[in-house]
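Report on one structure; see the data block that follows.
Labels run A, B, C and D following the written order; every chain starts at residue 1.
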Amino acid sequence: MKAVLSMTLGVMTAIGGFVDIGNLVTSGITGARFGMTLTWAVVVGTLGMALFAEMAGRVTAVTRKPIFHVVRERLGVRVSLVNAAASTLLNLVTLAAEIGGVSLVLQMVTGISYLIWVPLAGLAAWLVIWRMPFQWMENVFGLLGLGMVVFVVALFRLPTDWHAMWHQVISPAVPAGQPAPTWWFYAVTLIGACIVPYQVIFFSSGGREEGWTSKSITEMRVNAFIGFPLGGLLSLAIMAAAVPVLQPRSIGVSHLGQVALPVAAALGKAGLVFVFVSFFAATFAAAAESALSSGYAVAQYMGWSWGKRHPPGAAARFHLVCLASVIAATAFILTTVDPVTVTIFAVVLGAAAVPLTYFPILIVANDARLMGKRVNRRWSNAVGTFFLLIMVVVSVVSVPLLIITKAGQ
Amino acid sequence: MTRWEEDEFTANDLLLDRELIDCNGMPAGRVDDLELSDPAPGEPPVLTALLCGSTAFGPRLGGRLGTWWQAIGRRLRPVTDSYPNRIDAGLIDHVDRLEITLLAAREHLDSYRFRQWTEEKIIGRIPGSTG
Amino acid sequence: MWRKVAFVAVLGSYLLLAACAAPVPDDGAYRHAALQTSMAMVSALASGQLAAQTGLRGNSFSPFTDGNVTDAENDAGSVNSTFSSRQPPDARSDALRQKMLQALSDGTSALTDLRVAVRMGDRTQVRKALAEVGKSLKTFDALQQELQ
Amino acid sequence: MRTSELIGCQVYDADGQDVGAVHDLHFRLRLRPDGDRVCQLDALECGGIGFGHRLGYGEHAMRGPWPFPQLFRYLARRSLIVPWSAVTSFDRPRIDISVPRDQLRAPRKAGT
């Protein structure tokens, strides 16, 4: 009974933890602009994330090495330095986007400019890193993030044309009047919003924080293979809610508030409360997690002691990196750069960087001497290699698309 | 005496870049380089110590970045000597595919000034750092 | 070797940037810009309209409505200033420019009125401003038909 | 001496022919006469592509994924083992050996 309970809790936090500012922004934009024609991108991204996280989680559980241990040991000092530097930089951009997201949510609730909230959001995220026990952090915000289910409820209250939407889901095509490069660009952003490198760093390092062993693999798999896809469904619901409300009015989403509008239109104030709480929880948890991931990546690469399971004094340099990341990201958002634009850049660059961490994990999961009987099976290699191919293509086209479409304009 | 998982192995396989765990199970850094005895005729070099820290790490990076890293590392060291932190081969307890365990506690190893400095001057001064 | 590669890469990206940044001004490009502008303006107007209508029905909190309407107003303002600073290539384009500028400024001021009314919580004024916004939306719909 | 001084050196055989760059070091445990066990440098691994080797495709029991084992083994086909006893002079970045290139053996193949 207790096992079932803890597994349910794990799945629920995985669902809530899957969605962050990247999913909110990209789902809102694409739903309003392209209907459900980009559903496939969310499906690809979510399956890829589940596969990647499961592999990283399995490697961590068996070898007790989270992702950047593996990266440095397998790729050597030089190549892995590129990986660590790229991932840390990316975590910083993501962290900035999440802090911006938290502040935008607070602006929606209070009407006070988000810039006032930025330093407070940064401080609060750091306090969570500094003092909040790991399990608490994961569970509280993961569960609150589940409030996004209101988007599903809203769909039933809105004049949703299920038939037309389903048609767009199963036969995707560039909608009339929309430029093809932009459509492809947003496909990349959706994939990038689902497979975020920081989430994998966090997932595998978090496994170490919770002391996973080979026995934890089932629980980890349930989280990855059930929790993440359900999280993907939530971001599809956000996309779908935009279709009957924003698309017919030709509203292009460029602010976070517009993503919440369909729920207000369908469910009124009660729905909005759920949106506010869940958006806050999702972005705030993601802020803490991406800051932690910077610390994880650097400390694991350098071989410093890391993690929230030690008191901060015993992992001083790890906490120094986390603190420095929070300060840098906060300062960056305070330059009044548009958080939504930062989010778009973060997800695109994130998509481009996925192979850097995915490749070494795929390799190590194949090392029979390390993994024993938990080595990759043939099917997971087939799927894994296919997915590596997709991610390499995505990675190659992402930056050119970003330039050609001027970030999706 | 050190227990080794295998009798024959390569540096990349078991030693370089591996994680060091001290006798209390705490992470104690990574193997950045290996020290070998100087070769003599008829006497092949043997492993004498594991080297850690930025003055060991820099040369492995190579190039301008490596030189730069080394220079910063030197400035952060308590002594002017630029030789990296040594962990004598006699202190190695066990070497396997996962990690290298040591016989000593990490407080007793040559530690970097950077670690103590961050602990004492920054992290230790923030309320709530001890637990 | 690497210096050569770096040189070619820098030169290539510079040329690419130059190609993107300096469009040759002609009538077609101007009309295209006008179409893009009116689409962006419709988005801002409709967004403000939806937010204000939702608020009017009591389905939203006032800071949230206010925020959405303010965002719409700011978007309209920047769309307006971007287009009006654009140089028309010839006399025919200038006629289009005058028409667009009028519509853009009407739309922007309609959204400003809406924002003022929403902030004051004056329902009659909100309805009045909404009517203006609706009118402006119709103008842009017609403009879009014409431009396509 | 440090491993970073050895790794990356270019190796030349008795005829001055290029054998490749050192990318890994082979060690062997040996019991010294005084009863001490030491870890002795046995050979240098040269040539081929060090990166594939580094990933574990040199000797490990790597299960895939296709096509990496095949690819890296193909790229590493020219890797050679230079016994330390053959080294005549070591002066970074050059190592000279006394054995001709064609008498050097290849690393153990995967799975053996």
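Before moving on, here are some points about what is shown:
As a convention for this text, a residue touches a chain if its C-beta (ideal position, glycine included) is under 8 Å from a C-beta of that chain, and two chains touch if they have at least 3 such contacts.
Please read all numbers here as calculations on a predicted model, not as lab measurements.
Chains that count as touching both subunit B and subunit D, per the definition above, are A. In terms of the distance between Cα centroids, subunit C is separated most widely from D.
Looking at A-C and A-D, the interface holding more C-beta pairs in contact is that of A-C. As a whole-number value, the distance joining the C-alpha centres of subunit A and subunit C reads 31 Å. For the pair subunit A and subunit D, the distance between mean C-alpha positions equals 42 Å. Taking the mean of the C-alpha atoms as each chain's centre, subunit C and subunit D sit 65 Å apart. One finds 59 Å separating the Cα centroids of subunit B and subunit C. Along subunit C, no residue makes contact with two or more other chains.
Residues of subunit B found to touch two or more other chains are 12, 16, 60, 62.
Each of residues 54 in subunit D touches at least two other chains.
Taken chain by chain, the contacts fit none of the simple shapes, being neither an open path, a ring, a star, nor a full set of pairwise contacts. Contact residues of subunit C toward subunit A in the complex are 16, 20, 39-40, 42-43, 46-47, 49-51, 54, 57-64, 66-68, 71, 75. Looking at the complex, you find that subunit D touches subunit A at residues 51, 54-56, 60-66, 68. Of all residues in subunit A, only 63-65, 69, 72-73, 76-78, 81, 130-131, 302-306, 311-314, 316-317, 319-320, 323, 369-370 touch subunit B in the complex they form.
Those residues of subunit D lying in contact with subunit B across their complex are 1-5, 8, 24-29, 37-42, 45, 53-54, 58-59, 84-85, 87, 90.
By the touch criterion given at the top, residues 1-2, 4, 7-13, 15-16, 33-39, 44-47, 51, 56, 59-60, 62, 89 of subunit B touch subunit D in their complex.
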